[in-house]
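What follows is a single structure, written as structure tokens, with notes after it.
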Amino acid sequence: MQHQKLALPLLFAALAVGIALFPLVGDTFYIRLVAKIVVLGILAMSLDLLVGYTGLISLGHAAFSGTAGYVAAALINKAGILDLPTLLAASLTASGLVALVIGWISVRTTGIYFIMITLALGQMVFFFFHDVSFWGGADGVNLADKPAVAVGETVLLDLSVRINFYYTALACLVLVYLLLTMVLHAPFGQVLRGIRINEARTKALGHDVQRYKLACFVISGLIAGLAGFLEVVRGGFISPAHVNWHESAMVLIVVILGGMGTLVGPVVGAFALVLLEDYVADLTDHWKLVIGLFVIGVVLFLPDGLIGPLAKGGKRRLCLFRRPKETPRESIGDA
Amino acid sequence: MASLPPLRSGEGSGWGQYPASPGERVRMDAAYYLIQILNGVQYGFLLFLVASGLTLIFGIMGIVNLAHGAFYMVGAYLAFWLDSVTGSFTLALLIGVPVSVGLGLAIERFGFTHLYRRDHLYQVLFTFGLILVIGELRSILWGNDVYGVDVPPLLAGSIPLTETQSYPIYRLFISLACLATAAGLTGLIRYTKLGMMIRAGASNREMVQVLGLDVNRLFMVVFGIGVGLAAFAGMIAAPVNSVHPGMGDEILIISFVVVVIGGVGSIKGAFFGAMLIGLADTFGAVFLPEAAGVVVYALMALVLVWRPRGLFAGG
Amino acid sequence: MRETILETRNLSRTFGGLRAVAGASLAFEKGVVHAVLGPNGAGKTTLINLLSGDLPPSEGMILFKGQDVTHMPVHKRVHLGIGRSYQKTNIFPELTCLDNCWLGAQARLPGWLNLMRPARGYPAVRDRAERALVLCGLDHRADAVAATLSHGEMRQLEIGMMLATEPDLLLLDEPLAGMGVEESWRVIDLLKRLGSDHTMILIEHDMDAVFSIAQRITVMVNGTVLETGSVEEIRSSPAVREAYLGEEHAA
């Protein structure tokens, strides 16, 4: 039992060390790719908190990361702010607020309604950034410059240097992992787990589940905001596509592909999906077809994800193949 | 990540554009408002077709079908292709709908069957995968261009409303076709044995199974009906709403909003929701062009804060 | 005369046209085991749902320890001291028995945004969870995964989870549901032990169990309270006999 509990953290540690050492051996192209994977990994972990640990299937996650990215881009391009802490604080505040509002509306619903309303609200955010001309319209905006941490005239960290960004992103990945691990092991996390397995009973045992779900949303939204901020800095570009529900769905795929409810699984999933996409896009223009078939394959044949066996298959399976308690309430015609 | 073809927004989703050329000064007289109402109602009817299929699938089969919009798109592209191949829109309809339904049934047999007992999450991802696959197949077969379908000559005229303004007959035809379909659907559900099974399945899925009724067949039929409705809607809408790659996604999200507002599983709810959204979207585009896309979602958020399970949940 | 811990005043609940519970005015005394009996459809489970907060009433009032809890949500009632177990086993199947009791034991933790210290580092919570397991007789199965328990053990766990919240009032909805004679005695034993120092409101169909555990009985028929009294009073009541035997004749 003990060694199983260590397997996942060890895997993460191994990944982190691997990522840290990679620039010594890898070429520029792949270093950039790994940076992309790391940022996606952060985003996927934030979604895993919602989906894998609390059972909240959100299809609007890209709204949080996209909002943070857009706010950062706007501050850099229009206000000329390049101070990293300021930009980060602003982006996170924005994504946190969006998460608070969307969360507040969404947690009043359950099951199918929850999925649909997160999808619809996420699209509302998409339309906001797509239609309101201030944000640059359908084509998106390029970042005029990259942020840095400076004290007076001395630059401590300049993110326009790729390798700096690389290790900053990695540091964030590790920090987020540790933070989420802490939260999940704390009493707060115990309640989240209870909500996932049996929400009604958790409430009947004295916990205000709505509050917990909302808090979970906000925490998830803040971390997604961090990922969104990092992504816009990494790519130097943001467009409405970053906020579209297809993006949300792809992050969900990453979480499932790796193995949800494990934190490290989504990181593994990020590796798998980005590498697959990169490989397939080179082969054919119609790479989306391959990805689509791949998604279908994962759903049908690999529901526990790539690290499923490592995550103690039995424990997870009980929940995945059984529809959670919501089914009776969703039956039409029930009182 | 996934790149997206440009989405249309702020135009009332391309429905009922009046005036035809932007910049033309409009007299907002009675005829203008009548036209907007007619457009809103027509859009509502179309939405109702699509949303009722979606709500049936949700309510009876309990599955989240994100690919519903893709079938709408398949219908539209089939209409375009069959019409250009056969020269007859009627023939296109007669061939296209069964083909779409056949495709849907095949997907149901080979894919959905495995997902009925699974968490909604897997249905979401499976149908998302379908969207990618169907979308890309469409791209391979017909490319990414925007196509138009000619209005069938029989219905190509306009009915004069005032001295200067008239309303296209075809749009009235759409409304009538939707109304007829809705009536047929209601009749099916209320007066046939199949309809009885559908109603039973909607109120208590497990009981239907316990009673030994062939749930597999019921599911197949319901799914076929749902897909058929979406494809049919896509086909008859094709002449007024251009056939373009993003149309599946557009109608999907809006249909979701309709279903959420109306209440999952409720045909009546789908009707009211569709009418509400149809009119709100059309008039939203008139009065608040910049915020048109948001009006619909704001409405949904309001309804859900008041009634978290939709207006007619359980009906 | 013992003090009243729970009181209902004209409590009613209607579903559409059906009056599931109509005008129930009852008083439950502290330290007493009070059973609610009645044929199927009498409104017993609805009554328990109203008392626990799982269902809001259409009319009437509920007072717990003198406080109006009529519209108080479930989770808040737990903090006041109301605990509830369910007829249909409502556990966390994939967790161990100890973990099953953990959430209830955690309910008494001050604050809710406890994000930092690991849950295992709260000895008070652990003690409460373990005590609950001992009380419900499952301490030897603390590390067993709940899904592997026998049906009877699951019913014990069902009660144990509730006990972890340290309730003053126990609402038990058919604790013996679905149990054969063999398994029942353990739970009946548990109920007797609990009854000696807790206040209990119990719904149960097993008459022998009820008569051996309960001190007071309320009989409900068709949503209304027919009679309330001591065990002897109810056993010898002609009205009650009519209600039950009348049912038997009809069936």
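In this document, chain identifiers A, B and C correspond to the written order of the chains, with residue numbering beginning at 1 in each.
What we mean here is this: a contact is a pair of C-beta atoms (placed from the backbone, for glycine too) under 8 Å apart; a residue touches a chain by one contact, two chains touch by 3 or more.
These numbers come from a predicted model, not from an experiment.
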Counting C-beta pairs in contact, which two chains come out on top? A-B
Which chain's mean C-alpha position is the greatest distance from subunit B's? C
Taking each chain's centre as the mean position of its Cα atoms, how many Å separate subunit A from subunit B? 31
Need the CA-centroid distance for the pair subunit B / subunit C, whole Å please. 49
How many angstrom between the C-alpha centroids of subunit C and subunit A? 42
Multi-partner residues of subunit A (at least 2 other chains): 319
Per the touch rule above, subunit A residues touching subunit B in the complex are 51, 57, 59, 105, 108-109, 111-113, 115-117, 119-121, 123-124, 127-128, 130-132, 138, 240-242, 244-247, 249-250, 252-253, 256, 277, 286, 288-289, 291-296, 298-300, 303, 319-324, 327, 330-334
In the complex of these two chains, what residues of subunit B are touching subunit A? 1-4, 6-7, 9-10, 58-59, 62, 64, 66, 111, 114-115, 117-122, 124-126, 128-133, 135-137, 139-140, 202-206, 249, 253, 256-257, 259-260, 264-266, 290-294, 297-298, 300-301, 304-305, 308-310, 313-314
Can you list the residues on subunit A that touch subunit C in the complex? 182-183, 185-191, 193-194, 197-198, 200-209, 211-212, 215, 315, 318-319, 335
Show me the residue ranges of subunit C that touch subunit A in the complex, using the header's touch definition. 15-16, 52, 54, 73-76, 78-79, 84, 86, 90-95, 102-104, 106-109, 112-120, 122, 125, 147, 161-162, 164-165
